[in-house]
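Lettered A, B, C and D in written order, each chain numbered from 1.
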């Protein structure tokens, strides 16, 4: 057992941290404010990319800080899940950071799907521009009419009609749909309702300009549209795509989702912990910089204990997440199921807890657009639901715990 | 000791509940959505009032459900703080409700200030149109540059210059500033910095069109502008008003604030508990109406225990708030200090806790504009800071607890 | 609605408080220590009553502070449940106090059963000596072999054989069984297993010297035997008593238990809150009286916030309990079901929370026999299980909540 | 970074686990009950060792499962702190286990002191018999009259008088003092009150039969004497020992304490986590084995979520503790200060949390002598105070957090 990161992981993490600290954080407040002014409305067709962020993205790409999540050493950085984890944490320091390195959800997950399960043609057409950063993608899974935490509730359908696939369904929380470069969706639907539970679904690639695809609206998440990304609600009405757009195979949807699952969870959780570290930074900075009743805020009441509780909670959740990454790398996603469910509960909860503390220290400032705190809150809050609510993951952990004992 | 409400309190509460349940809730979702479409942007000068809400307001006024908060039986309903409390709770069921009855913050508090401390001329000019619902008001206390939880940090100034008062300062979180009818501010500032700590401040009435008053921007609270009310940031640069605009007297700012304090806290806390009841309603409705893994969501895992925890927490916080109201009415604000501080901690916390549970049951829907839950979250979150963060009130409760024992 | 207690309640509460503060607390530490020396072993047959406590008991009786719980004005104080509640809280300040006033569990509950449901002969034989304080009683309900939280699991049996009843069963947690004066048990068992669920059980009076009654051992509760009361485990093997020992009627066991339920819960919960107040007293006293790092312990870290949290939690739980008492008195136990379940969760939880804080302030002293804190912990801990675990009561509250909405 | 244990750690852990599971657990209940019968009283001079435990101890020694904590490969197992940690966890499964392997506190810490800081003569006289298991030792640090969480409060004194040292002081919580084989104490006292804060104290070896050493009594911890170990209170009145009994040097007490600190914390915390795993085992076993309301207890309400919460909490605290051990081994205690303080808060808290859940599932059985749960509770509860209360460690974590940022 050893807790030091690999050399290449540490080296890349340092470069990512320096890039963020040196080039992004000094202008973050200004960029967030400008984005709020320019894109702070629900009319997603008018959302724009900030040129400053485009420039930073180009700079990161030029420096080779690009596609760091991809385990392939040719297309990406060739890091293991465990090695990439600290980089994801570093990117979590700012909500603006992941995209700069082409490492933002859901594109990372979608690229992984194409990388692992896409055929050469699919990769050439969609993976390549996603890797270059020209194209952006969405993932269409959750549905407004059913409790999507239970995948068997899914109502969207995929039918074969000759060499075409016909898609119908109503999807929402398709993050990134509002982005000006969004062009491709991965659509999950029922293809074989009579099959065994894990063989019923398929995933299909759907260009967003395909007839029958209608963007109904963008959803606010905790009051915010997350422009220019957005969380979209869209309808698929008899949408026809070539059968060649099927990923991996008929009935393979669940298997793909499982494969997509593990590393994505690690990324999400590590970003949460990076955000929690940032919130703790902000809390300490504010708490030392303002005074009330003759003392810095941080030295009043139980505030220093809150700093300690944050440190203890973050460090524990990080180690659990890193161990999950290590299990994925060394024993496979299946062996890591308890850990993958556990971190999904633990990491967003820690972020929410730390952000709550940080907001209290900031007073009204913590609630408003001047600080990234409410954005971090929304990140935690949304992640406690995205990809299954806490309660579903707690049920998984318990089920596996009982199963483990039955085997023993 | 007896726990049943007075007859007139119960009768009015029933009428308020029926009005809200019968006339507002059936159209609430539609009105919230329309408001989001029309006013969901930061350009507050374009914010509009929804005609449907104006109509409901006129209807409530016509039915005599108007100014119910005011203890004066001629101008209002003549209810004691304790008798009004259940009405405030009922109004808490919808964020749109309080204004319908002309019972919304900060106008209620401002009207109370004018009623208790304003002279006849001030009352004629501002209280009368506030009571009729034509005018709306703001309260300017908190400042962005200092920790406003410690009132002695306040930097805004009020100076006499002949028969004029000259105001300077930077204020924010002036709720309601964006409202099309907002016309008058109560401005709190330092008037006598050398005086005893509680005699340093004054309150002055400032028409918002006075030269030198500049609205800088509206703040988002938890991602939302709360249009068409808004939370404003504004600057007072050598703003001159007649000395007759001084309320009560030189150095009386703190005393007025204290008087404004008690009933306002009761209103805020009871509205929180009404919102918590509504969130619990929504949670149960959704939890019974959707299924996953073969059972209604509410019957999965610990969800029913969460319902029970919500019930226990709400009922306790309500009783504490009612007891605080009773103490204010029977023994005065001073005797109720522990209770007034305690409910400020307890009630928003309960709302936040219940909303969090309700969001988890709602899944993604709970995060977005389709449900009032995020609005309730923002209400709780903001109230945990407004008028002093939890931590300041905990410190007050502890200080009074120690003092009580020293006296014993 | 009004929150002041009745005059006679307040007057008696004051006398009880003064008695405890004046006569018991000054010698409490010494008496607890002596009891520990004399009775601190599991050999219950050697347990003795401390003469000092007997003397205090005689003094309380002489002063008329006796049987205060009994609503009958001739036999007791004639107080309503609500009026007695503050007296129960006052008695909660010391674990030694309730017995001094002949107001200790389970005797109070057993006396209530005999008072409400016993016939004249039963009352003459057992209620009279219980009221005079000569006799003590136990209640035999819980069984070691089954999950007793579900009363339908009960395995003990009551059979008729001519004019005799034959009892068989294994019972434990019969509190008070070790007391030198313990002489009578109320035994609950299945009498009619085929009857409707709530008509299956009966309660029977069993003198403890009846052949076939075997005391197997005393149980420790949180490490302590609670000598000289004790929590007994006992076996009933073909125990024969006259049919006249049946209380109320065949199949009436559940109905009696329900009747016994309400006031007993109020007593238990109010005693918890009295204990919590005492723990808070001790916490503040110790926290102000000792220094570390140059400041009184209470002023370090978040300790003052803990004082405030204790105050807020206690006050809320008290109001909920008083409201439950008021509902029992004015609307009956049935209408108070949610409240009776809710306080069973809330009050012991508050005591446990406050004791935990107080222990932390006391350091090692808080863990040992020198302070009543671990006794209060055990009180809370045991009460979270006695008469059903928290989880069962949460389930009741939730069930009633859903039912209420179905009715609406 | 890698999370698998070393081969020799894993091999020894397996043997320890098999020993406990095979030889101890099957008789644990019987041994605990017998110990309770034989030693369940405060008359510590009559406490006896159970022959069955002595036999198991001899068996463990014969199998080489002995002194596993000692990093010296000749005297112990030669394991690093990190390698020993999983063994300590395994021993935590039963309160009876650590002594079987001669790995119980406070002897392990005392042996480490003698090993690292004792001279040859001291080692020959005391370390050798401690290692062989013939002798047992105590540590005398905490004092009843002062807040010992602040070491500068310590009042006990060490004075030189020629070639003798004269000791005076009042100590308590000297664990193990009641053990029949207890023979030696390490006494910490003020030797140079004017010196720099960390150079004021010394540690001295004091045979317990030295004139002037008076054992006043044993303390109960959570109601239990922990016989035959006991927590002693003792007085040192002009106790004279040869100057050669000074450990390391004059003024070195603090430095020794620091050295003793790190590994001891790891042991304590890992044992806590082992106890938490056992409590979880018991909770699941009981929860599946008993039914109420037609279902196994574990499937009622939120109980399965509690299982999951326990798993998540234990796994996180374990990783934090292992990381602390790794830092101690690779970077030294000083570099591990945050982690060592953090685990002192996290691990006992997790144990307390899991035990609380397990008790609720066990009902009354969980409170009494039949189950090890209350013993685990006492372990957690005491450890939250021993060696500094949680609050002191939270303050340390916060102080280091702020310091880290000042350096950055």
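What we mean here is this: a residue touches a chain if its C-beta (ideal position, glycine included) is under 8 Å from a C-beta of that chain, and two chains touch if they have at least 3 such contacts.
Computed from a predicted model, the values in this text were never measured in an experiment.
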{"item": "Which of A-C and A-D has more C-beta contact pairs", "value": "A-D"}
{"item": "From chain C, the most remote chain by mean C-alpha position", "value": "A"}
{"item": "Averaged-CA centre spacing for the pair chain D and chain A, given as whole angstrom", "value": "43"}
{"item": "Between chain B and chain A, distance of the C-alpha-averaged centres to the nearest whole Å", "value": "36"}
{"item": "Cα-centroid distance, chain A relative to chain C, in whole angstrom", "value": "53"}
{"item": "For chain B, residues contacting two or more additional chains", "value": "301-302, 304-305, 391, 394-395"}
{"item": "Contact footprint of chain C on chain D as seen in their complex", "value": "36-37, 40-42, 142, 144, 146-150, 153, 172-173, 219-224, 231, 290-293, 297, 300-303, 359-360, 363-370, 374, 377-378, 381-382, 384-386, 389-392, 394-395"}
{"item": "Footprint of chain D on chain A - complex, ascending", "value": "1-6, 82, 280-281, 284, 288, 298, 304-305, 307-309, 311-312, 315-317, 319-320, 322-323, 326-327, 338-339, 342, 345-346, 391, 393-399, 401-402, 405"}
{"item": "Residues on chain B engaged by chain D in the complex (per definition of touch)", "value": "301-302, 304-306"}
